[in-house]
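Notes follow once the structure below has been shown.
Note that the chains take the letters A, B and C in the order they are written out, and that residue 1 is the start of every chain.
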Amino acid sequence: MYDFQYTKVQSIDDAVHHMQQDEEAVLLAGGMTLLPALKQRLAQPTQLLDLSGIENFSSISVDGDAIRIAALTTHAGVAGSPLVQVHIPALAALANSIGDPQVRNRGTLGGSIANADPAADYPAALVALDATVITTKQTIAAEDFFVDLFETVLESDEIITAVSFPKPRRAAYAKFANPASRYAVVGVFVAESDAGCRVAVTGAQGSVFRWQEAEAALSSEFDAKSIESLTLPTDDMNEDLHATADYRAHLVVVMACQAVREITG
Amino acid sequence: MAQVSPHTRFGLGAALTRTEDFRLLTGQGRYTDDNAPDNALHGFVLRSPYAHARFKITDLTAAKDAPGVRAVLCADDLDSMNDLTCSTLMKQPDGSMPAPRDIPILCRDSVHHVGDAIAFVVAESIYQARDASELIELDFEPLAAVADTAQALDDGVAPVFEGATSNLAYTHFEGDKAATDAAFAQAAKVAEIKLVNNRLICNYMEPRACVVQWQPDDDAFTVHLASQGVHGLRDTLAKVTNIAADKIRVITEDVGGGFGTKVFCYREYPLCMAAARLLGRTVRWTSDRSEHFLQDAHGRDNVTTARMAMDKDGKFLAIEVDLIAAMGAYLHAFGPFIPYLGVSMTTGAYDIPTMAVTTRGVFTNTTPVDAYRGAGRPEAAYVIERLVDQCALQHGCSVDEIRRRNFIQPEQFPYTTPAGRTYDVGEFEQHMSLCMERADWSGFSQRLSAAKRTGCLRGIGMSTYIEACAFSGSEPAFMQLQADGSCVLKIGTQSNGQGHETAYAQIAAAELGMDYEDVHVQQGDTATLPTGGGTGGSRSLPLGGASSLRAGRTLANNIRTIAGRELQTDPDNIVLEEGSAKVRGGNEFLSLAEIAALGTPAELNTQGEFQQAEATYPNGTHICEVDIELATGVTRVVSYTIVDDFGVTVNPMLLQGQIHGGVVQGIGQCLMEHVVYNDDAQLLSATLMDYALPRADDIPHFHFETRNVPSITNELGIKGAGEAGTIGSCPAVMNAVSDALLREFGHGQIDMPVTPLSMWQKLNSLRDRADV
Amino acid sequence: MTVNGKAVTADVEDRTLLVQLLREQLGLTGTHVGCDTSQCGACVVHVNGASVKSCSVLAAQCNNAKVLTIEGLADSQALHPMQQAFKDNHGLQCGFCTPGMIMSAIDLVQNNPDPTDAEIRDWLEGNICRCTGYQNIVSSIQAGARMMQSR
């Protein structure tokens, strides 16, 4: 790691203030992505602003027809929350599939989505559930929040405070994990609500995306058979050691079918 | 074979828990990096980002002036040092010796693989050393590079060493070309197989480390490092540094896994010695995982074509092998010896009259290749066992039937192979039959149908491997009865986690009638041990165990003599039990502490040394079942059965642990582990984020049992078991994968590793082929 | 912070990792560093009762926290049941991954007192062992869970 200054901020306002003072400062939530990246000297921030001292920054509550999860809630917190388990069990299951138990004990919802790793799990849930991201500056639909590879709409002095997840009628998440890192090679979150069916895909492209062809097919008949012979264009698919573009495109279909079958039983 | 003491509560064959465990379980283990004193300086190696380049260091000022920096060493600062040499060059078919390609401690003006060492920065903290390394100014002139073993000898490929005409490191021939050609000429059928044995990175859990102190008074060094034997390391360090061996004390305490790769002297050890002497301070270096990937010797990486000539009954007549073995960018210590060791086991457990094996070692711009668990023997077993399955297919019989027809039969022992090895004993067919029974081979079709209903192909495969262990030589053991009645047993092997402290104590304690926990095994210090051959080739128990028995037996005899003298009775009348020397049938006894006070130094210090003339030959059968998920291409090992012949079992619990761990390393090679370089010879699988290691949920529960036929080469009948799991597993898994594909598509050839991606691509091509 | 029940204070560089503080400044070398990318789990300790990878946590983040390491488990000479179970079932060979494995296992049993074979294997996603092939580790954890319950 390069040298940096560690600052434990006391409030969200305090954090915003530091970010305005120092453009090279970065926020430290769980640190599960940030610290390994710093260890590999992939970034050189001047300052780490530790958010863990902020009060009431890791709570889960019912908010009308939605579940509101504060940004610093850990993955283990989401996975173990009775509220989430009752109202959006697929989200609890997704949280329980992130990384490993130790990562889940530290890693946070806000940290994960702010980082916008193309292979992270949460973006699929946010987009498929039509969640709303609440920040210090705005309230924004998840679909508009994620821009590209490691890129969101967040401004340099903006902090995510919570995410509000509307309760779906039914939902499931299926992931094909990278054999080494266990990040998602492809993850597909399928959710059905009064507004219709949404299918969001993570891992496959630079950023999470909705697979609208599958959504349409499932809206007319909610069955894996409706989508199993669909194909996706391979042009924008990621490629790495573990999956070529065509394999990723194929896995999107397989994982989507798996998620639908989990729902239909 | 010597008479061994009857099985007792503490003796040979008992499943004793380990004496080393208490400290390892409570965080009191002493791994190398744990030894660093507070004020030690930290070394950091600046490594090449290029696979092949000329370079010049243009400015060191900023690095030297950086906070905390005490020294920056470059090649020019190491003029008194020699390169790391290869000790196993072998004569080529034309009688010439291959040219050496030694490893400079620091590169002077050219680098040959990513990670090649350029400079050594020493600072008060590791962060400061690393910060400063980024301030070294360098000019690189990148050159063309090659990484692919199969292409290394192609025309037009850039040579790894500028000025060389090709990347051929050496050629070696073993066998009888004329007899083999004649056999092929009269063969009824010929089976052929082409295989890639993928390159692996060892990935023991404890990264290498060293801590070096220099004593100015006598210009001597104390070097703590993680090794597989301190004596070999000390001698190499002496050679490299031009410092007398008696001025270098090498100490290895606990080692977090070695698997062959920790045998060697690596650059960082002499670098720390140079820095410690220059600065008069203790200097430490600890590898991180990324450096392990770049610097520590890699394993395997062969491209092989093998052919078998058969008569009309499927009887093997001759085998011909063409082997291209990657050496990496230099010739590493045992580099050329590793494929040679495999070649010496070419014919496996089969009666094959003749063979012709050509090996070509090739240079590529990659990390050098050397021993990794099994060292050549896994590669050889993989070739013969997959070829034999191909023979069954070609001949039209089952894989067990082709083996039955060709196994060396019990009455043929001692059996000398075409490679010149002499097997002492073996019951290959009986082992195979028992394993098939245990694996319910005959009930496979039901399991196949059940798997199909879940969208999977299922395959079953076996390997009936044989390997060579221990080899000719010895490993003396030194015992001393201590004043408190306990014993010290010193021996020059080095436990890397296998449980030597328990196993040797168990053998010696049985002779002495004492609790094995009162025999304290000491290893890993050149100052207290005169000699040692280290750990490798599964030699520690066959050689060291037999020597421990002899040392313990001599000490027991001496104790009887002392007791007889004191108690005025015939020594034969003394029995050793419960930690004392008793008069048979009487009440008189002496405690071992009392014996220690009465004996002469010569009586209380004994030495045992067993000399073995030939290798021992562990063998057995592994049977594996795999499921291949058609939708995703994911291949999983769903069942694994092992019947092994290790001659004699010292401690079944430790033995089982060795086998489980070895098999999982084999499964890792088959299904996930893979070193990938791109066309510029950049390492793509450079961290555990991309190089997959087996995790608990990748692995099934194993059935393991022994069907032991004692070795008549070894004094205790022991054959050695440290590598067998890795040797038997790859062909069993891959024969199962191949079987699954054959049953579905009529074609089964696929190389390791069978990743989800490679299997999905294979399934697609097989379906396309079926469509045609 | 407290480490193994004892209050400790230390001045560290801001970029100091928890594992560096434990090993280099507090001399608690039972916690190991096996990788740089937080895959291997050799560094697992408990912070405020939950298992974390001490190679991916800053020492400063643990200000005022309760840290438990492998050295804090055994009660003088008596092994913790999970340690004893690893010894009884030969759940370790080289021992390098073992402290992290045990700290992780104890966290599992705190959350799930009677885990199945599959649940254990799943939980161990963040702990890599290169020696044992895992079978004896799984047996050890099952035995350790039983011993912890009956204690």
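Here, contacts are C-beta pairs under 8 Å (C-beta built on N, C-alpha and C of every residue); 3 or more make two chains touch, one makes a residue touch a chain.
As the structure is a prediction and not an experimental result, all values here were calculated from the model.
Of all chains present, which has the mean Cα position farthest from that of chain B?
Relative to chain B, the chain with the farthest C-alpha centre is A.
Between which chains do we find the greatest number of C-beta pairs in contact?
Chains joined by the most C-beta contact pairs: B-C.
Using mean CA coordinates as chain centres, what's the chain A-chain C distance in Å?
Each chain's C-alpha centroid was found; their separation is 28 Å.
Find the geometric centre of each of chain A and chain B from their Cα atoms only, then give the gap between the two centres in Å, rounded to an integer.
Centre separation, chain A to chain B: 43 Å.
Which chain C residues sit where two or more other chains touch them?
Expected reply: 13, 15, 36-37, 39, 125, 127.
Two-or-more-chain contact residues of chain B, please, as numbers and ranges.
Expected reply: 127, 290, 688-689, 693.
Could you say which residues in chain A touch two or more other chains, in rising order?
Residues 1-3, 40, 180-181 of chain A each touch two or more of the other chains.
In the complex formed with chain B, which residues of chain A make contact?
For chain A paired with chain B, touching residues are 1-3, 40-41, 176, 178-181, 240-244, 247, 250-251, 254, 257.
Applying the document's contact rule, which stretches of chain C touch chain A when the two form their complex?
13-15, 17, 36-39, 41, 44, 50-53, 55-58, 60-61, 63, 104, 107-108, 123, 125-127
Which positions of chain B touch chain A when the two form their complex?
127, 130-131, 290, 631-633, 672, 676, 684-685, 688-693, 755-757, 760-761
Under the stated contact criterion, what part of chain B meets chain C in this complex?
Per the stated touch rule, the residues are 17-18, 20-22, 24-29, 31, 33-34, 38, 125, 127, 203-207, 254-257, 259, 286, 288-290, 496-499, 653-654, 656-657, 659-665, 687-689, 693-697, 699, 701-702, 725.
Name, in rising order, each residue of chain A that touches chain C in their complex.
1-6, 8, 28, 31-32, 35-36, 38-40, 48, 50, 52, 76, 99-103, 105-106, 180-182
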